[in-house]
Amino acid sequence: MIFITRKHEFCASHRLYNPNFSDEKNEATFGLCNNKNGHGHNYVLEVTLSGEVCEDTGMVFDLKELKKLTTQEIIAKVDHKNLNVDVDYLSGMIPTAENLAIKFWEILEPKITKGRLHEIKLYESERNYVVYRGGICEPTI
Amino acid sequence: MIFITRKHEFCASHRLYNPNFSDEKNEATFGLCNNKNGHGHNYVLEVTLSGEVCEDTGMVFDLKELKKLTTQEIIAKVDHKNLNVDVDYLSGMIPTAENLAIKFWEILEPKITKGRLHEIKLYESERNYVVYRGGICEPTI
Amino acid sequence: MIFITRKHEFCASHRLYNPNFSDEKNEATFGLCNNKNGHGHNYVLEVTLSGEVCEDTGMVFDLKELKKLTTQEIIAKVDHKNLNVDVDYLSGMIPTAENLAIKFWEILEPKITKGRLHEIKLYESERNYVVYRGGICEPTI
Amino acid sequence: MIFITRKHEFCASHRLYNPNFSDEKNEATFGLCNNKNGHGHNYVLEVTLSGEVCEDTGMVFDLKELKKLTTQEIIAKVDHKNLNVDVDYLSGMIPTAENLAIKFWEILEPKITKGRLHEIKLYESERNYVVYRGGICEPTI
Amino acid sequence: MIFITRKHEFCASHRLYNPNFSDEKNEATFGLCNNKNGHGHNYVLEVTLSGEVCEDTGMVFDLKELKKLTTQEIIAKVDHKNLNVDVDYLSGMIPTAENLAIKFWEILEPKITKGRLHEIKLYESERNYVVYRGGICEPTI
Amino acid sequence: MIFITRKHEFCASHRLYNPNFSDEKNEATFGLCNNKNGHGHNYVLEVTLSGEVCEDTGMVFDLKELKKLTTQEIIAKVDHKNLNVDVDYLSGMIPTAENLAIKFWEILEPKITKGRLHEIKLYESERNYVVYRGGICEPTI
């Protein structure tokens, strides 16, 4: 069992707010991130797979394939976009890093055909990041 | 003569377009950065002063003061904002990294009272940055 | 279950030695870190919480709150300090990265009211870091 | 139980190919990494130990010792080398990051006398890395 | 006058030696870098242009164009290659970082049609880099 | 003319104060850095030489030599030290980054026998750094 990770980047804008909240509650909950006209980030996305090393290739999964898959299914749809407006699969969702990571997991997980998806790590900035590992209950970051 | 630099960060969204251009020309000129609903970045701003070292303090300029000045005059106004809409001093300007750097120079330069402003360096991402040194014609980055 | 992390920094000095050891044993055990007049580091502290994502906010825990808590309880007391002398809660302790991480855990853990503290990661330099996860016996870094 | 990590670097060249594959299959499997005359990387190796903190020293393991051990047993043999040709313990092996990490584990693990080896993390570039934790079946990265 | 920079990466192998030197002299001159079977690096290349900001676009030069140019003329020819053997324009040259930077300048400089090439910065590792600015005699890094 | 740079690191403690100042003035001038028992940093030192590339070697200066020189003359004397107390050549000096950079220049400059010393860059943290280029009056950072 070994873990392999590939890092991607995208830049996007978002605004954090819940349409069911009052302005005051949105302000109290989301602070600066609730700015009406939005703000943005250079996101960093790390996708980790786990699996057995194939003896013939010395690899778990072809990283070229993983790069292609992640670029096509995720990056191409969020890079240089407004996450509240432009992305079909985020429609109706508050675009926090937590929700993005979970959604990215749901998109990639069924498409991994060799090994399995182990972790989605998403940096919103150098100071903040989230990690998601599917519905596992064990806190084994 | 010595140079001292302090690094700051802010996150903001923007859209690059010229209202006098046709949609086609905006698309051709600004590409992905012309996305109608904007996108965003974690900007990194480095402010460099030059000056003589004061014998009594071993410093050119009090970095606490420089931090306060930059935070107040620049960062507080652009952090968690939409650069096309929310910032008075950017009004009517295409918010490219080039234009931001020049504007930041114009704001800070007259407020430096000891030493002088030497350079504004602005990273839009880890892959792109601009450097501005005022109206100097010599290419001495 | 998701994990969220916030990164902080502080700079401090320390000296590693055990007052019960002879000078020779301190030298052999702690090497350069035993320098009598101390040395110092830019420490990086990452605090990770785990929890369920709240549907109404898309967040596990308000990062503004976590930042405030960590700054107040930890950073304000160690930043620009001598860890052997200036910090009440480190009194009588050899200020290794290991001991600091355990102490930071003990301070923060009871104060996390939503989700739970999952991990303290402390970099002493870019080359050395420690990870602590409370009294767990499973090595699940 | 605490985890301590030390980071090392080495630069090396390699070519990925399986002598039992046809040229076409090597090309399809390894892509650019199959370049006949090789290519290279600045590798980053992180070695993590787990253990109890010793009350007398505040440390799990003497990092000076770990540095010496890793340098002697691993770094000195791969740094500024061609991994396909120059390294005895890699002979007959496809030098993927996966295989290197497993081999480094096998070399270090029996030599750790206090605490135990928890993890080998190997970056081939800033974009790709692998993690190995021995024969454990639980995916607890 | 403003400066804009774009960062690129490539990984390659090389061996430093002068065929006119004896083995002993090559060893004494190039040390570990003279390993007969080569070694390699993840190189980082920063290309900086200088110029006036165009009022209509807020840009000096279209970075998409610069990216395309650098990728085509330089990166595509050195990435995943052996710099001693695989690269036409390096033939007969000792592939030190110094020589690479000068060669990259000679290739790009005549192709910059707006603004002008100001600087080539090439990192061989995080610890070593070179800067070249054409035949200028003034040491204005 | 080309520029080559080598990066070094050291960790040290210091206290900023002027013995001729009152406590109040020291506090007002140096703020947190005036903590009586000191604090510390992981410093990063970049030494840059300029010179002509030697045709026979493709190098300006043997980086192995530069590394040896910088380690011996500077790093060995400040690493894991208290800069106010332990370092002969800093005696009687306020150990600001500015003063350290100037002193390091004065030590290295006469010892460079091929090419010449162009720049000393010293990071006190990721947020602050200084650059010194000798007695040059032109602000050509």
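To keep things simple, chains are lettered A, B, C, D, E and F as they appear, and every chain counts its residues starting from 1.
Note that contacts are C-beta pairs under 8 Å (C-beta built on N, C-alpha and C of every residue); 3 or more make two chains touch, one makes a residue touch a chain.
What you see is a predicted model, and the numbers here were worked out from it, not measured in a lab.
Note on connectivity: the fewest chain-to-chain touch steps from chain A to chain E number 2. Chains that touch both chain B and chain E are the following: F.
Averaging C-alpha coordinates per chain and comparing to chain B, the farthest chain turns out to be D. Two copies of one chain, chain C and chain F, form a contact in which over half of the residue numbers belong to both partners. Set against the C-alpha centre of chain A, every other chain centre is closer than that of F. Chain centres here are Cα means. That of chain A falls 29 Å from that of chain B. We define each chain's centre as the mean of its Cα atoms; on that basis chain B and chain C are separated by 34 Å.
For chain F, the set of residues that touch two or more other chains comprises 126, 138, 140-141.
Contacts between chains, counted with the stated touch criterion, involve the pairs A-B, A-C, A-D, B-E, B-F, C-D, C-F, D-E, E-F.
If you check the complex, the residues on chain E that touch chain D are 9, 11-14, 32-33, 35, 37-42, 79-82, 84-86, 125-126. Every residue of chain B that touches chain E in the complex is listed here, in rising order: 16, 18, 20-21, 29-31, 93-99, 101-102, 126-133, 135-141.
The residues of chain B lying in touch with chain F in their complex are 1-7, 48, 50, 53, 56-60, 62-64, 116, 118-119, 138, 140-141.
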